[in-house]
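Common to both upcoming complexes is chain A, partnered first by chain B, then by chain C.
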Partner chain A sequence: MHTFSCVSYCIISLILEIKWQGVWFVTGTFDYDLVVIGGGSGGLACSKEGKCLSTKWGIGGTCVNVGCIPKKLMHQAALLGTALKDAQKYGWQVPGPISHDWRTMAEAVQNHIRSLNWGHRVQLQDKKVTYLNMKGRLVDEHTVQGLSKTGKETTLTAKNIVIATGGRPKYPTHVPGAIEHSITSDDIFWLKESPGKTLVVGASYVALECAGFLTGLGLDTTVMVRSVPLRGFDQQMAGLVTDYMEAYGTKFCWKSVPKRVAKLSCGKLQVTWTDRQTGQDQQDSFDSVLWAIGRAPETKTLNLEKVGIKLNKESGKILVGADESTSVPNIYAFGDIGEGRPELTPTAIKAGKLLARRLTGQSSELMNYDNVATTVFTPLEYGCVGLSEEEAESRHGKDSIEVYHAFYKPLEFTVAERDGSHCYIKVVCERGGDQRILGLHFTGPNAGEVTQGFAMGFRCGATMNHLKETVGIHPTCAEELTKVNISKRSGLDPTVTGC
Partner chain B sequence: MQWILSGDPPIRPNNCLWCCVCFLVMAMIQFSRTQTSLFSLLRLLSPFYRHKVSRRSMASDAATRFDFLVIGGGSGGLAGARRAAELGATATVIESHKLGGTCVNVGCVPKKVMWNTAVHAEFLHDHSDYGFDIGNVQFNWETIKAKRDAYVSRLNHIYRNNLDKTYNNKRKAKIETIQGHARFTNDPEPTVEVNGKKYTAPHILIATGGYPSLLSDNDVPGANHGITSDGFFELESLPKRSVIVGAGYIAVEMAGILSTLGSKTSVICRQTGVLRNFDAFISTNCTKELQNSGIELWKNTQVKSVSKKDNGLLEVTLVTKDQEKKNDEEKINTIQEVDCLLWAIGREPNTSGLNLSQVGVDIDERGFIIVDEFQNTTRKGIYAVGDVCGKALLTPVAIAAGRKLAHRLFEGKKDAKVDYSNIPSVVFSHPPIGSVGLTEEEAIKSRGKENVKSYKKSFTPMYHAITTRKTQCIMKMVCVGKEEKVVGLHMQGIGCDEMLQGFAVAIKMGATKADFDNTIAIHPTSSEEFVTMR
Partner chain C sequence: MSHYEEVKVHGYDEFCKAVSERKGKDIFAYFSGNKDDQGMSWCPDCVKAEPIVRGEMSHLPEGSVFIYCQVGERPYWKDPNNEFKKTLKLSGVPTLIRYGTPQKLVEEECFKADLVRMMFTED
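Then we have the complex of A and B:
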């Protein structure tokens, strides 16, 4: 009794959540009950006893290799850079100037990733998962062909096939020199040397996170934004995130689009861009150019359309139903590759587990993709759950929502004499009745840790009263969420004073 | 002016006692029967008229009358007064010291500043692992002391401004602040006297807080050479050799700060570990972390005597005896050259001088004011909130109690009261501890062992993935019944201080284990481990 999983992207600690009851499976003419293509967060969570194929990265996918894990560690490094400046205000005499060695940090991060890859391999072995380091492609709706690096082919048949191959960063198609001379988030964490003066193109969370930690490590960093930052997120919050970055040294080229990238004889990259407001072209040279303009699904080599799997023509992602089903009855898809799905590790893990439970008949529970909490690890972290103010307005109407807000100053900022004007809380709720919370937003230190518990309260249906009735924990930043009481409608000053 | 008096320049090094005294606030009421009836009549008249009359009555021995008289300008008193004023009452705060109380002056705020200072010391161990090249770092206590004091003064001013700008909407009057000690008089109606003047109100709130306990020389010879947490905030330099007596959260926090900043620190505890009233999982782990961080822990030990040597340093004599072992002999040890002996053995209420017995406000055997769930004392028209009641000594609890009381008295919300269950709190240890609800032991006691199920997790936070220094994060969830209702959450680790609040909201809402399971994780965080527990 085997299932089979070919690797591509994300986490492993949750691997093999599901107790597959082998006896329930009558494989009949198939080699396996289930083949999972993709060994990232979702794929690993979905598979139990199977084989894995690995693509470019070690097992663990985007999250472990080129996503969440290395970015959080580098974010942490940047925070320590800021802390070193704060420390001097706290009475620590640090002999300057402070320098940061990229190589030391990068090697430590890369070694950690390799240890995670190894840990995942060991875990798979322990769970009797056959791991195949191969690239998978569909032959028909029940057959998968794996191609190893050495060109060896393996053909496997399965009753059900699950595709969880994730996505990869996109390069622009009409910017000469972009592909030859630039990098993406797939490369940044694996650079042996410092990227130096860097241009980050894009204003997605990936772009802002990368630009944020590069700035924090002391590098001259510019973000080029075509339209708005953090599209899809609450725009007031997004503004606070980028304002803070600007205040702490990240440069922004607003309303600008890159035209070409050329390599100069000195080795620097000359970037030409157009300022959309003035129509003028501008130029500057950088050591590195990083594209963070979105992610594209890993579907090209999978042979999807040939077996009848319908894709969204524009995004290239697989069209999926609420039960992760595709247009082919025994083939499922979830994670970053699914059309309209959040590109987040924990949703992929959860969706993978639930799918496995459904396929084994243990449960009929569907994944609930609504109101997924997330945190953007920019220099000023931003955590949120539920609707943005804009989205709440458009769904419920401006007159039917009440927005409570507060500007607070974290205690750790006061002695450090840091500008706290971007630390902000916004609770969007229904105006009538119990004032059920529709969206909760927080910028500040430790937003990731702060948001998780509130996301849970949110999931339980929290109202404004639930926040108010909970005793605060003093002195923390999180307690400000239980104290928020000024509505935007009142026009009163939302600045918090005193305890 | 008064607080300068009470905060007298220290006559001796251990001036903490004086600090305790300065927090004392007292009150009194004086009234003749005729005046009482006159006032009862006037109270029926318009607020405007009433106000005018009360102004006039300030003359000589007649008491100035307000709607709400608050004794103590700390967290609870200020919150109550401001809310009352917002609801239309004339409110007055009597404070003998600085506004802000324990929290702002000698508690949460300066403590957290020092904890943040100490956290930088931990970061400094990790900088090189994260690629930062830093040379020999020195710590200057004077810098942070000056900054901290300046910040506390700023807060004192903010509190003053907050009072001044809390206008009574109906009467366009600000909250009055009376500087001085209040004492209840023997008038028939509750009245307080401050600086020779009398004040009264139909509602009087006692929110005088507490102060750290200090042993007398009779209990332990030389005990007076020690300081308390109040004195900690007056230290002008980092002690070289610190001895902290106690095993509660204040002892743990003080020891953590001093040790992390570089003072050789010993903790003297009577039993076998610290935080004995926390979940055993936390208590054990915190004791272990304390020792791992280099703090010397003296178990089963008490201070026998303290003596001051010619060089000005203290010699602390300890007696150790394992209570469990009957035949265990007492062992005597001394710690030499101690420049900071800090008693962290509990807190006592600020009630002496209030003349409480005069007005029939009962206190318990430890001196704390007895109140019911609505903060009513045993005397009608007199209420108490905060540390002086001896229950849940936490700033936000006092604030909530003060506000609820104001809503009950001045907005007619008869049922307004604080729910004392599921109060979350954090200990700023290294790493910090978060805790809400019942410990496993408490849950078993109230629900029976067969109905309690606990989930535990222990891991090294990702922050330490590339550091040579390591700390653990431990988590415990206590559930009861078939539905696995979560009744307790306990944690220690980096980030736990900010992690707990949101979960506390959910637990207050009655969350079950399934609710935790159904919440999508935020990756990568430590808090996500709570929603992926199994």
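Then we have the complex of A and C:
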């Protein structure tokens, strides 16, 4: 099958042939056993597992191109800036004022992304996955049509179809000037020049992570929040995250909504917004405006309604069953496109692998979406697994849960004279019986590394006893989780003292 | 007359010179251990890969450049500070790269004709 080269084309459909134990499955009636539309984290995993191929963007989807990977690298760039300042307290002779060159960082990050795109491409080819770089749409429940960059149409029939086209950032619909003059997370990682003084609209983790690293790189950054930060996350923890950001130089416009974006003759962007508390309009000028107000699924061009695939009216996402099935029997959907699914790379990858195994008859295991650990990579990182305190209260009742907590100070902060007052641990558990842990929350350095191991504890049904019986590694921040013993209910001071 | 230009070079300096003289062109480079007087390389993988790579060269893009570069003798190659390893970030021979891009095939990957063809034909 010919492959079409296409550097700038966005959405591509891919065809895959399932090869199982060296035997090509080609049914009598269909061209292929399985077609996967979409080539991000989910689509790639599904295709490689079931020998199917999927691509999006440069291969790798949101995660590789405009998400996790560049985000974490730029977050690291920002952390290194802070580390350079700390280094002086530790005796390093750092000459002169430290400045950051966006171009150097951007080129290095973008080169790494391209090497990942290539790596994926090689892997797909190596696993004999047929890759078609085209825009895909459904014709009927067994037919997929691909449109190449040159306008050539290809039609394929398949026994099963999997949709893993993910999501894209939303632009506001009622703010004049927004679409023409501003950017989203799709753009920030690919800028060749520094975004300068930036307004980030939104309070999702995308907004806070972007604002966080922009501040850390030395840029004048403002976050505009309509209501609450990190909706859906534990709100006490979200507050600690934003408090730290404010203390470290990120400006916040709370309870504000943008009204208008206008381009000034000098090239800057003038933003007018309404302060919802006072009702007054305010104005300021920025070099860049970044919208991080949510993500919408990629379904418009797929022709889903015609084929009868039911969507959630509000979100536009595909309604899916526990086995990733849609309302049409032989069509499946997973990853960010699925309604109610976490918008995370590892869950998409795992769900894709399990789906492929089920479709090729190798197993019947379903994806377990419970207790998935995540981390928000803001300047003060926040890792969590399980329920927020609010969710635990809502499900079990305040009297049936116990919340243990502690404010701790990372050892490394002491010599560096860093403010550790937002470093905090919270363990939410059942009040009675074995005190099964329902939720675990941690703000501090390397939160992702700290939280990962505790996620396994969740899988094993960890209880407070398990936690107390675990001997900590010293000196670390993670060990504070094994030492937590002050409950909120007791009202005692949760600040950790001593060694 | 083929649709691409083949350039044969020995060592890092000759390689850099060949590249700088062809700015703006689509340059593919194949790095191999030196061949002896009988035309046999000290690198057995290079011996295996070369016919496979050459077999796909008809698929090279129009107007592109193919640099065949002998890196040096075995002791030079084994030194972790040699210029190819330090500056070009090569990790092993044979290596096939598309200069200025992250596209590369290393060692056993060069044995796979379909991967070589993919590199020559895709953007």
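Criterion: the second predicted complex is superposed on the first by the 464 of 499 C-alpha atoms of A that agree within 3 Å, B and C clash if a C-alpha of one lies under 4 Å from a C-alpha of the other, contacts with A are read in each partner's own complex, and residues count from 1 in each chain.
Just so we're on the same page, a contact is a pair of C-beta atoms (placed from the backbone, for glycine too) under 8 Å apart; a residue touches a chain by one contact, two chains touch by 3 or more.
These figures come from a predicted structure and were not determined experimentally.
K.L.:
Who does A:Leu84 touch here: chain B (first), chain C (second), both, or neither?
P.N.:
first
K.L.:
Would you sort A:Arg121 into first (chain B), second (chain C), both or neither based on which partner it touches?
P.N.:
second
K.L.:
Considering only the touch criterion stated at the top, classify A:Ala108 as touching first (chain B), second (chain C), both, or neither.
P.N.:
It touches chain B, and chain C stays clear.
K.L.:
For A:Ala478, is the partner it touches chain B (first), chain C (second), both, or none of the two (neither)?
P.N.:
first
K.L.:
Of the two partners chain B and chain C, indicate the one touching more residues belonging to chain A.
P.N.:
Looking at chain A, the partner in contact with more of its residues is B.
K.L.:
With the touch criterion stated at the top, can you tell me which chain A residues are shared between the chain B interface and the chain C interface?
P.N.:
111
K.L.:
Spell out the part of chain B that touches chain A in their complex, as residue ranges.
P.N.:
Where chain B meets chain A, its residues are 75, 100, 103-104, 108-109, 112-113, 116-117, 120-121, 123-124, 126-144, 147-148, 151, 155, 158-159, 161-162, 394-397, 399-400, 418-419, 422-426, 434, 462-463, 465-466, 495-506, 508-511, 515-516, 518-528, 530-532.
K.L.:
Give every residue of chain C touching chain A within the complex, in rising order.
P.N.:
Chain C reaches chain A through residues 101-105, 109, 112, 114-115, 118, 121-123.
K.L.:
Under the definition above, what is the set of chain A residues touching chain B in their complex?
P.N.:
11, 13-14, 63, 68-69, 72-73, 76-77, 80-81, 83-84, 86-87, 89-95, 98-106, 108-109, 111-112, 217, 344-347, 349-350, 368, 372-375, 383, 411-412, 414-415, 445-446, 448-457, 459-462, 466-467, 469-479, 481-482, 497-499
K.L.:
Help me check something: in the complex, which residues belonging to chain A touch chain C?
P.N.:
The touching residues are 3, 5-7, 111, 114-115, 117-118, 121-122, 125-126.
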